[in-house]
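Common to both upcoming complexes is subunit A, partnered first by subunit B, then by subunit C.
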Partner chain A sequence: MMKTYKIVVLGDFGVGKTSLIRRYVLDEFSDQYRATMGVHLYKHTDRIATEGGQSEIRLVVWDIEGAPLPSGQTQRYVVGASAALVVGDLTRADPYSAMWSAADMFEEQLPGRPMAFALNKRDLSDAPSPDVVKRMERRYDGPVFETSAMNGEGVLHAFHSLGKSILARNL
Partner chain B sequence: MSDFSPGGINPEIVLTAMRAVAIRVSEDLTVREVSGDAFDVQIETDVREAIPALYGMEDVLRDGPPISIPFVQLNDDTTPPVTVSSARDKLTGALWLVLRDVSEESEVQRQLVQNHNALALAEAELRAARDAALAADRTKTSFLANVSHELRTPLHVIIGGASILSKPRSTALDPDEVVGYASDMHESGVLLLQLVDDLIDLSRSETGDLTLYEEWCDLNEIVDKMVGLGRELPDAAGVILEAKHIMKAPRVFADGRRIKQILLNLISNAIKAVAQRSDGEVRVSVDRHDDGSACLIVQDNGPGMSEEDLAIAREPFGQPRAAVRSKGAGLGLAIVDRLAKLHGGALIITTEPGQGLRAFVHFDATRFGDKI
Partner chain C sequence: MSDPTADSFRQMLLDAQLERAAKSDDHLEAISDKLSITDERWSEESLTAAVANVLADSIREAGHGDSDVLSRSIAPHIVSTIKREISNAHPEIIEALSPRMGVLIRAAVANAVEDLQRQIDQAMPFDIWIATIKSRLTGAPSAGWLVGSAEEFRVLEAYLIERGSGVLLARDKPPEVDEDDDSLLDDDLLAGMIAALDSFASDAFGSGGLEELRQLKMSQGTVYLRASPTKILALRCTGQAPPGIEERVDTLLERAIQQATGQGEDLDPGRLLAGAQAPMEPGINPAALIGKAALGIAAAFAVLIGHFYLESANRSRWVEAVQTAAADDPALAGYPMTAAYDGDNAAVELRGLVPDAAALAEMQTRVSHVPLPLPLEMLVPVAGERFK
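Up next, the complex of A and B:
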């Protein structure tokens, strides 16, 4: 049987985790905020460009209840994840603190697993400061994407980069 | 597990009452036994198909500590939210998974989370709005400081001059000096009046109280008059100030006094910009476009501005750098901009450092009484 990989999506509440996943999996968007309680699972099969051409990858994307600081429950949700997408909201006064906390927790639970970062709601906000982006990339060795679940910008790139890392490392 | 043992509990009844199932799986995660029928779990299938939350957890299930995943729901809503936990049978060593329906707790909990989050987000938005208001307040404060400074300079000239002239000793001044003081005071008074007028216009335009008195005006005539006034401005000596007419000057339906104000502001800015040059030139013209619209154009060969300085110069509450700041607290462009907009037009400026500056005030075709 073909392996199915688990990807978790982490970050503060309201930053757009659900919206990004729904844009990725279902290609849809709603401007209504419906808070996620617990976790919602999205099964998705995708094709990803790899070194040797196209590869199929089977995913279960975990849409996890948001919080400014990861809780014990969040830790239980990341068990067995192959990769994480950490999401922040560019329209916030401080989009980054909650991202650092989530990334630190994931790194501690699953050292060395690939991470990517989505600076979301780019349609509503100016570009992030290149300094913060560089710091984030260096500290966690993961790419940073400017995304908009609203218009789709950067969304496929963010998920595909995780897919690629997973396949490359054969996690 | 169906036989009822007296004094014990029947697990099936418990599981049914709780809406739960217990599933025994082999080490390869195949379902071997299902206790309870609250969920449709088929014997001999891969348990991960029934519970996709287990993908990725294979190693933990086999070798790790017991797992517990609260409030898991599939996106497609085919199953209710469940809590999944694992346990090892101490006697047989068999791996059991328990799946419990948590729909009821889940809905209550979700409402709590929704309320909490929505409140927190609203609060954050309020805080951001407050910060923005504070920032606006700060720019207003710095604007006030700026204006106060502009008021103080001419006031000092007036008070200083008046105090000298009012001293008995002033009879000892020779007539030229008296005239000098008086004309400085006059000039400062005119400057003050101008500043106060500008402030009134600006605040009226902010509150929407600036009304236009529109009538048919002759653009060529207005241009001529304002160029004439411009030549009398203090810095105009030595500056070439020229008007270029178009042959058939269109009549424009506009507030003539405001159009004059627009032109005088632009001309006065342009003259100040070229005052330092020996070959300073300011050209004022009217340009008609094929679509019937028209532009008033004031062009100078002064030092020009960078994009950032221009943005500041156009902003009424911004404080331009000393180099671009002109007399009158830099209100000129802000006022021109608003007056143009009130006419349904626009102020467009093209400039670059070292390339002079061109200001275009654009008026729609609908403002003109002729057809092209």
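Up next, the complex of A and C:
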């Protein structure tokens, strides 16, 4: 049977994690904010372009609550993930600190697992990406994408890059 | 006899002030009610003496006529004194607030159930009804699922799940279960949800996880759950459970783990249920049925309590986030600022005092950046305006 992989989506609350997932899985967007409490799961089968051609991949995406959860619960939800998408909000004064924290936590739990970074709400911000983005890419060896859950910009690329890494490393 | 013209003028000129005065009266009455809680414990004389001593020290410390510096210097002491007195009167306050807490708890429980239902509905393409929770909350009989339990016992599916990741390692179903049957669940999502539930239960109960939560009641039957340190066995069944099913499930898990350990990813999914059906033939046993019902209720309430615990923790975090953002300004040092959850209005309420309009505007900006899933009620007057 086709192998299933777990992807976790991490980041501060309100940065648009659920919106990105819903854009990817359901191709829809809602501007009605509702905080995720605990964890929500989404399943999506996708075709990923690899060096050997197209590969089909089945992902279960764990949308984890952004607010700090008590007693290491976020860490427990991360267990066994094949990859993580770390999301930040470009409209915030400092979108990066929370992303670093989430990435550090994931790296600590699952060293070497692929990560990608989504700087979300690109449609609401014209600010140029600062140097910290390049540092983030180097530090975690994960690509950074500017995304917009509202218009779909960069969303597929972000998830596909994770899918590619998972297949390449056979995680 | 009043002059209508004069009355009309009075109303035009003083309408806003009268309205504000009426609101102030309401606030004062509420504050007075709260303060009266401490009346029996603390006399006016003793409170006045305590505050006067603190004020005297503060004025000495300030040392000059700058009223702004003086007020900033005094305010923290007054606040800490009030807090201390309130803390000393804790039992009385709890007693006075108990009717309100009752309302809060009822609302929280109702919200918790609604939220739980919504989360499950969103996450999975099927209806899960924890009938016993609803039964307990609504008072409606739980006959629905009890009647369902009287059906012949059938094992519909077995899942072997990697603990933590929720990845489905193997799935098996008896040949007579139709693959296109609507009642079949999405395997991967069910596996993920069970793993998430395991993590959730571990946090909510402090240990154990699925070891504590051995079965789940669902609209389409019961899911029996067993966990080893690395794997979870989930057995979805319908009908009345025969005696000894718990032991049978234990045996199945042991066997599945042995298979998985020996064969790794080559585990034959079709062997999970090998030999399982025969020993699980139905047998009518009312005592066992009642036992299963009690277990179901316990499990459902355990989930509810866990969810309520997390809901409360979430609210605390939102309140703390608002409080932190509101107070994050050196100019507000010494000014009271308290955020709390308002159960009646399902909102976060921020009360306090700021020195000027600029501080208020900056505070509003900071607070507006806190992403709250609840409305925010601000009752923060500017000190100068309030005391003019």
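Couple of notes before you dig in:
Please note the rule applied: the second predicted complex is superposed on the first by the 164 of 171 C-alpha atoms of A that agree within 3 Å, B and C clash if a C-alpha of one lies under 4 Å from a C-alpha of the other, contacts with A are read in each partner's own complex, and residues count from 1 in each chain.
Here, a residue touches a chain if its C-beta (ideal position, glycine included) is under 8 Å from a C-beta of that chain, and two chains touch if they have at least 3 such contacts.
Given the structure is predicted, the values throughout are model-derived calculations rather than measurements.
Upon superposition of the two complexes on subunit A, a steric clash is found between subunit B and subunit C. Legend: residue contacts after superposition of the two complexes on their common chain; A:Y5 is shown touching both subunit B and subunit C. When the two complexes are overlaid on their common chain A, residue A:V60 makes contact with subunit B and with subunit C alike. Look at A:Y77: by the touch rule set out above, it reaches both subunit B and subunit C. In this superposition on chain A, the options for subunit C are 5-13, 59-67, 113-121 or 275-283, and subunit B clashes with just 113-121. Shared contact residues of subunit A, touching subunit B in one structure and subunit C in the other: 1, 4-6, 13-14, 33-35, 37-43, 60, 65, 73, 76-77, 79-82, 92. Of all the residues in subunit C, the ones that touch subunit A in their complex are 115, 119, 122-124, 162-168, 186, 188-189, 191-193, 195-196, 199-200, 202-203, 269, 310-311, 313-314, 317-318, 321, 369, 371, 373. Partner subunit B is touched in their complex by these residues of subunit A: 1, 4-6, 13-14, 25, 33-43, 60, 63, 65-66, 73, 76-77, 79-82, 92-93.
Of all residues in subunit B, only 46, 48, 52-53, 55-60, 67-75, 81, 106, 109-110, 113-114, 117-118, 120-121, 124, 127-128, 131 touch subunit A in the complex they form. In the complex of the two chains, the subunit A residues touching subunit C come out as 1, 4-6, 13-14, 33-35, 37-43, 58, 60, 62, 65, 67-73, 76-77, 79-82, 92.
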